[in-house]
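Structure provided below as structure tokens; questions to follow.
For clarity, chains are labelled A, B, C, D and E in written order, and residue numbers in each chain start from 1.
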């Protein structure tokens, strides 16, 4: 088996004294699309943040393309080929849309295919129109597009996407789904956190359910029908 | 007396071009445990900050027990009996457990500005403090420094301090966050117990906790109220299902 | 508790014996005055969490007011001291009302700026004697004691110091002190419990100013003059250093810090000469001219490696040992 | 009968702050030279010398002086720069009954309102400066004055003393502007001075303030319409400003290194050690210590009263000056000199900065006994 | 002649212009403080000392190396910037996790050391520094004689302030800085070396101070203490302006220079204190400062 793009073993993370992740284990193969499921507050976002070293303290092992990243500074981790689209979108108010888009630098160790600005604007025509507006003046949907768009420029080949379909109009969600498929076909590795199961289900190769800071269920897409009942119970409100 | 102890009208908070709380009309019934739910960043903590004046609302009104408290300071609101806890535990780390609780009780003695007095006057409060600590199983740890407590015990201490203020309305921000399973159950039981005769408004991500103790639930998303009702209603509410977790995996157009 | 009391008693008796053991009383008195100044400052920074960068204003105000009261108005010595202290507390109230409006770094910058404003006022005001200062302030009598003798004055100053120290101890261990501690540890939580933290901070500020004033007034009495040095911003820096070196938030720390820093100021030249002789490096001989350089280095070392100060570190060490045994 | 079997001389001056160059380490060197020239012995006893930096702080000066007298058996205290510090030292010396010679302080109060039997004010004071520059410039036709005054006691005294002299000589004062001590920017004050239409701009300030004011005056073309009179300037100030900016200025001083052959000879020795020419204060440091040690040697005791009496009884006659110390108030009385700063062309060697314009006899330069408010002066 | 409150109009204009000169220095220094504060959350007390260092480097360049004003105008900020890098890497970076007050205390200590070194080597009486030949002389504006050098100072500082503003508001580097001030962690998560950016920001901020120092050298005497008096005034300027915006700190700096200039005409005794008085008033009316953000 090839080196996993991302391999996490026994990851613990804290916010201050609050112990959020209690030993997460997961592994993602290159080119795979993995969806992290779980209830609100289960720790999925925290998992993504911990990969990048954005939580308070963390412990365990995180290997990116085989390279141990637990002791690296955040920007060094990112440079290993990670593109992060945060849950709260992280659009900078003091930057225009275009500046937001151009903010992440191209990564040196380019493994994936970096999209050009033209390709991006072609994919999200709304953004082209509003490139001079201050970032946070865009509508929620536009902000979400911008947040995704800006990591496609960099050449990162592992994308961590936190609830990108949230709050978007159905057409856009469809566009995003198409986009993810395209990205997948181009060989991107994708880890998605999704509430919108309808959005995630057809895209994912693999599902992982997190509960109380631990992985409680992990199965490939093929097993989805068999696991559906268990999944419903784990995720029911 | 109105049946609602707390009402907000069009409560709104905007940060530099972004609305964190959007025209929220919240009504909390006296005696209820009322849960505030919503995804991360939905504006729950911001709501708490507005209610206790840690942030000034951009618009809207807050009425507590028939008084318009929109213009009052944090301390005034607290003295009206609205006491909050914080998402990240808020104890006084270098005071002992006993002193932590006593500092709250002390306010009622009216001696808080007496810089010339010794602490003997406060000792009379200790009995009451210990009985409060008893409630949260902290009595044995009364003389420890708060900083040395395990995290779950700190949250319990925080609740004890909050209770000491005899609040009419307790605002608890994620009281079980960051705890192990046993602690979660303990704290849930504790909240249920202390809620008797008071009103509690709490933010909680743990559905098990919410399902077991909440009388009423308000769900926020993107700063606005998405749904409201008891657990049964809310958990079936289509918008909530949509925002939380679509259980029917209906296929997306064009999928597969 | 009792052990602590005994410890303090021993400490003060020890200090009381110093002149009899040949220590130079004026030097010890000066250290006591600065120790009191640092203790007063520490009441604010150590127990309330407010870093004032303008405390010299209070030392200076009281020094001038007391100096003027004794020399020009001819008031009895105890009255002069009290008047100076009240003057400082009054200035403290005014500064406090403004500075309390902001917190953190801004609070520091505002106190610094206000103190600088007062400094310029003192520089120009006729009653301060400008840069010549207010000289030859008479010591007078205290409760029938003639204070011209250094030794008599010494015991009076020591008594004042003990009284003030007791008051500070009292404040720290009072209901009010409890609220201050809670504000320092977690202001938001204290507010949420219903305390108007601004009012508490203001009272703490005024008390600290008043006590710093007492230090300034006493210093005028000891040395017989009040000068701009008392009010200049570097003096504010000095008291921060004393507290930092000794240990913020400990009761005795500031005393130790004051002793170390004053001794350093006085002895660094000798020390430099000694080093110069020892090492043959001529530069050391000029160390006496570089007090501020050395002070700056101590500052840096303290902030980087030694934030608990001498007493704080010692206490931590003791605690560790106790915990491990 | 020498106390402690040594003769201990203490010197407190500014060694690190604004006046450090005027006296400071150079003053220390001058005193060491004085002691060495007498082979380190007086009245058969060893002479010891200690010094410290008072950082221009009266409190430091006073505390140090007190400590030295209480614990070190000090026999003579020399006060370097700064009036505030010197007034404080004088108080302590009087209390401890030790001789105190003030060299660098300007305040005439030292031997006037605040005089003591133990204070000797050796070199100069504001009155002498006023009489020198104020008097000479007015007599030379500079009748219209405007003052740029440092806003503190010393500046005010200098302005007041000079005003009196100007008016006595038939001049008028058109106005004055106060600037804060250690002002960084003088442009606005100079603009006001320029608008006054006066002929002479009197600088009633010292050190860095004088230097900055002169620089700015040149820059703003003030010097085109007005003549500058520095009321208190030392050669170090001129050195740091350069002749280009200072040429033609009047100033009053008690001594200039290139004044006489003896002065030159001593100054060369000093230069070899310090790499700069001595200021008048440094020369006075040497002179005063020599005068004291010779008095001790003559009467074979360091008893305060006797030495002071001897010093007052003996005329001073060395390369620094020829004069006396007035019995009544301890004021050193000697000639003062009005000098003019040479132009670059006139200057023939490094540090060749002044030409002497007028000699002002001591009796005219300093406060007359009749005008003194010193309580020791019986009237 | 037209008079305003008894002051002839030309004289007033002259004073306003002079106020602008001083304001230029306030603007450059408070701008540097604001930039540093934005990224590091540290109030750089050492700013005044580094400004002094800039002036000293200009003087030393001429004295020891024969490098003229124009060369040093570039070199001195560079050198001070390098020193800034050393300071940030060896000391400041350890404090980011602590209370901001420690940053203030540390930089205060650094100030004492830097001043102490220069003072022990060069004493305190100022070193003269000549106005460069190209800018000698003065221009008669009719209402006043304005030395060419001062005019240059205003122009140069406006250019620099504007350039810094443009750099921060209009370039991609500036975009990174602005983003970093909003959310440094996220910016770092994009693979941008934020720690290095922080270091460079500090270097840039202090280089700005050094640049101001070089500009000041021919106006003031170059002396060890030239920075410490200025810095407190600049602090007051910062409190008045509030740490809100780049433009805000520039405008506040210039404005207060002018206010101070006017005070020198109408009530010179207060010229040292007027900035502090303005500060007190602003605090009463707008505690966050004129351009300050809500807490």
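Quick notes on this structure:
Please note the rule applied: contacts are C-beta pairs under 8 Å (C-beta built on N, C-alpha and C of every residue); 3 or more make two chains touch, one makes a residue touch a chain.
All of these numbers come straight from a predicted model, not from anything done at the bench.
Looking at the partners of subunit B and subunit E together, the chains they share are A, C.
In terms of the stated touch criterion, the partners common to subunit A and subunit C are B, E, listed by label. Taking each chain's centre as the mean of its CA atoms, D is the chain most distant from subunit B. Of all the chains, the one whose CA centre sits at the greatest distance from that of subunit C is A. Once the centre of each chain is set as its mean CA position, subunit A and subunit E turn out to be 43 Å apart.
Between subunit D and subunit E the centroid-to-centroid distance comes to 37 Å (mean Cα coordinates, whole Å).
Remark: subunit A and subunit D have CA centroids separated by 78 Å (rounded to whole angstrom). Each of residues 119-120, 269, 272 in subunit E touches at least two other chains. Shown for subunit D are the residues in touch with two or more other chains, namely 16, 20, 151, 180. Looking at subunit A, residues 93 sit in touch with two or more other chains. Checking each pair of chains for touch leaves A-B, A-E, B-C, C-D, C-E, D-E. Subunit B contributes residues 52, 54, 73-76, 78-79, 83-84, 86, 90-95, 99, 102-104, 106-107, 109, 111-119, 121-122, 161, 165 to its touches with subunit C in the complex. Contact residues on subunit B toward subunit A in their complex (touch as defined above): 16-18, 37-41, 88-89, 151, 154, 174, 177-181, 205-207, 222, 234-235, 240-247, 249-256.
Residues 16-22, 24, 151, 177-180, 182, 184-185, 187-189, 191-192, 195, 207-208, 211-212, 215-216, 219-221, 236-237, 240-242, 245 of subunit D touch subunit E in their complex. Across the complex, subunit B is touched by residues 167, 170-171, 173-179, 181-182, 185-186, 188-197, 199-200, 203, 207 of subunit C.
Within the complex, the subunit A residues that touch subunit E are 52, 54, 73-75, 78-79, 82, 84, 86, 90, 92-95, 99-100, 102-105, 107, 150-151, 154, 156.
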